[in-house]
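Structure, as structure tokens:
Per-chain numbering from 1; labels A, B and C assigned in written order.
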Amino acid sequence: MELDLRGSKAYADRAFRWSAAAAAGLVLVVLGLIAITITGRSTPVFRQMGLQFFTTTRWSPADALFGALPFVWGTAFTALIALAIAVPISLGMALFMTQVAPPGIKRPMVYLMDLLAGVPSVVFGLWGVLVLSQLVGLGRSFMTAGIILAVMIIPIITSLSREVIETTPPGDKEGALALGCTRWEMIRAAVIPHSAGGLVGAIMLGLGRAMGETIAAALVIGSALGQITIRPFAPGNSMPAVIANEWGEADALHKSALIALAVTLFIITVVVNLIASTIVQRSMKKAQGL
Amino acid sequence: MQLEDRMEESRARPPRGLPQVKPMEAGPPVVSSRPESQVVFDLENVEVFYGTFRAVSRVNMKIFRNEITAFIGPSGCGKTTVLRSFNRMHDVTPGARVAGGLRYRGAEIYGPNVSATEVRRRIGMVFQKPNPFPKSIYDNVAFGPRMSGTNSKADLDVIVEKALRGAALWDEVKDRLKASALGMSGGQQQRLCIARTIAVGPEVVLMDEPCSALDPIATARIEELMRELKSRFTIVIVTHNMQQAARCSDRTAFFTTELDSKSDRRTGTLVEYDVTTKIFSNPGDERTENYITGRFG
Amino acid sequence: MQLAQQEQAAAPPDLRAKQSWRSVKSLIMTGLMIASVAAVALPLVAVVSAVLRRGLAVVAHDFPDFFIKEIPNIARRPGGGMGPAILGTLMVTGAATLIAVPLGVLGAVYLHEYGIKNHFSRLVRFMSTVMSGVPSIVMGLFIYIVWTLHFGYSAFGGSLALACLMLPVVIGSTEQMLKLVPHHLREASYALGSSKSRTILTVVLPAALPGIVSGSLLAVARAAGETAPLLFAVGAANEYNPHLFEEANTALSVQIFGNATSSFVAAQDRAWGAALTLVLVTFLVTLAARVFTARIARKR
């Protein structure tokens, strides 16, 4: 009789492996479904408007006229304002935590950031619309939305920047100090050149997050229609905001236009996030391989 | 009786196994002590603490101008710790504290209102692992002078060439000053770091095991360089290679670790400090002799 | 720059800091860094204090009924509570966790234990990163198309949407934890004749458990605060609806969103109360996650 080393558990073992693989594969299935379904549902508006959907500036559901440009602009503009505010603060915070703060102060700072990251976006939106926008001069505008988004993306940019900065080889920093550099000169000579790439990636991830953030923006951006303006204190609109705000009362064609906006948003944020994570990963790998 | 006579004899003879010491090739004869005006560092009961742990206990020594002083000893004996206290590198380590009197030409290095940056302009340091900036060769050497305010290209060119010549690197790189420093070999990078350090115009160059990451040929070039630099700078070098100390230095300080009765941990301590030829041919302390003959360490 | 050498024969050198632009610049930069810390602390303090102040005013006024009472259908009417919304949040998030965590852990097990270097795994990891960047509103629309259109509004639809958001996070953090399990534990199990699946279930997962729990709790905390997906899947009912699969439901986040834009103070008050509740829930869950992280640290 042959020695059967397979054992009766072989089936169970293989079944487990396959179910685990299926669970992993779910990511691909869901992502694929998302792409297919939302693209599919957006076709009516493209049949109506063609590619002019992306170039028209008027958005008038009553006239079946749908131009995405103001919302794409609004998303970009708010994200830019958010970055302009968040990046210097995040970098300053990251440099403080890694280069200046004594160990006893660093830990509370980490908790501070975690706390900030933990506040749900809708609560930020609530505060934004009932408190911040009541402040003189702000109202519901690009600026208010930009401020709220900035507050929301600071934790992520800071924590990633910290990770990148901490990979600076201590030998480089010591070398700069030994030459008589002040602290800031040392940071400029040893820390920043080393971290620059990774920091760009961290900033881009913040950008991706700012563009995709829906609820806070929807509450405070002002839901204006149509104009493309560079006045930051004007009420504005963005892709996620208009989708959230207009969905409830939209008819079928209108809905498909909103879904088309979602497709646009999807593609833009995915591209930005991908570029960003590639940059960050490559910079971390470079730091470890050195 | 015969046995005791033989033991007497062997004690009088120098112990076997000591490395051959070549006499110094240039420079004034090294005497045991020199006048006060020639003292660069004066250490009086210097101790270094990490938190409450005493890493180095009670060092008393004087380091003299235009000499090469070597710190040798087993690992953990505090030689690097003492070296780094000369240019206040311990400032960057939280919890590190230097106690006692550490004077650089009469001025207390750890005195009130002393700026570490000012100290480091006068006392430079070369590290174990070469750490050039990711810039061009020229920009690496010009970094220090630019920082001090020299901006004219003409001036910088002069300083860079002088520093690279001083580091015996000029001929190798003069045609590619704009090339990245990271493309050079380890030995060249280390000489670049030396050039970068001397371009700042210090009086002292500290070297923390500068050759331990280099191959023997590169090491020999650096040792040769040290002898040339001696005429312009005071050099203090930490080395775990005692043959190197025997070859290159004028004076040698031997450190070792001692069991601290209070904390039950090992503390670094200075055992013997003297002219190199004496240390290696007729050391006064038994611990020095044991280290040098390889009985431990 | 032969400064030091010029000083040679002279008196002891002056080592005090020179008044120079360099040291001033360094000081300014350090000041800016500290200012950025303040810039972070400021909005955090502002938001948290506003939520505490205004939320407590509402909740404490009617404590603990706020957590039980119904939501008034007429926005203008003062009083009432967020009972249905609390129930809704718990149901939707709970069901989402039950879907996302087992699937995510299982997926991470495949990625790390079975196919760590093969193309499929690399693709899944890559797509997982992509998926975590999908805006929540897109996820909401997706669920609207595949679920709500066919089955109508329900809490379960919301759970599906939240599960999709949680999945990449759970996979990522679980894989991190699995990496930390020392290989010799697995080898010991194999050497005793245990199969791979059994080793994973009885040795690897228990070893990684605190970290997995911690990572999952953080995903839960994030999901509890999501609004956009729920708008498209759950609807905006105001009544109690303890049924997971039937009829529109509500959640704290949805209520906050709806009431924030109301012009009636009563509705705004309820929004603050709901915000306080939501923040407390999120905070407690995050705290629980920290406890588990501390447990891992202690075990080392």
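To be clear about the criterion, contacts are C-beta pairs under 8 Å (C-beta built on N, C-alpha and C of every residue); 3 or more make two chains touch, one makes a residue touch a chain.
All values reported here derive from a predicted model rather than from experimental measurement.
Peer 1: Treat touching chains as neighbours: how many steps, at the fewest, connect chain B to chain C?
Peer 2: Graph distance in the chain contact network comes out at 1.
Peer 1: More C-beta pairs touching across which pair, A-C or A-B?
Peer 2: The comparison resolves to A-C.
Peer 1: By mean C-alpha coordinates, which chain is most distant from chain C?
Peer 2: The most distant chain relative to chain C turns out to be B.
Peer 1: With centres defined as the mean C-alpha position, give me the chain A-chain B separation in Å.
Peer 2: 51
Peer 1: When the centre of a chain is set as the mean of its C-alpha atoms, what distance in Å lies between chain A and chain C?
Peer 2: Going by mean C-alpha positions, chain A sits 15 Å from chain C.
Peer 1: At least two partner chains per residue is the criterion; list those residues in chain C.
Peer 2: 22-23
Peer 1: Two or more other chains in contact with one residue: find those residues in chain B.
Peer 2: 117-118, 121, 144, 147, 200
Peer 1: Hey, what residues on chain A touch two or more of the other chains?
Peer 2: 182, 185
Peer 1: Under the definition above, what is the set of chain B residues touching chain C in their complex?
Peer 2: Residues 37, 65, 103-109, 111, 113-115, 117-119, 121-122, 144-145, 147-148, 150, 159, 199-204, 232 of chain B touch chain C in their complex.
Peer 1: Provide the residue numbers of chain B that touch chain A in the complex, in ascending order.
Peer 2: 87, 89, 92, 94, 117-118, 120-121, 124-125, 127, 129, 131-135, 143-144, 147, 193, 196-197, 200
Peer 1: Chain A touches which residues of chain C in the complex?
Peer 2: 22-23, 25-26, 29-30, 32-37, 39-41, 43-44, 46-48, 50-51, 103-104, 106-111, 113-115, 120-121, 123-124, 127-131, 133-139, 141-142, 145-146, 164, 167-168, 171, 195-198, 200-201, 221, 224-228, 231-232, 253, 256-257, 260-261, 268, 271-272, 275, 278-279, 282-283, 286
Peer 1: State the interface residues of chain C toward chain B in the complex, per the touch definition above.
Peer 2: Residues 1-5, 7-9, 11-18, 22-23 of chain C touch chain B in their complex.
Peer 1: Sort out for me which residues of chain A touch chain C in the complex.
Peer 2: These residues of chain A touch chain C: 7, 9-10, 12-13, 16-17, 19-21, 23-28, 30-31, 33-34, 37-38, 41, 88-93, 95-96, 99-100, 109, 112-116, 118-127, 129-131, 151, 154, 158, 182-185, 187, 208-209, 211-215, 218-219, 240, 243-244, 247, 258-259, 262, 265-266, 269-270, 272-274, 277.
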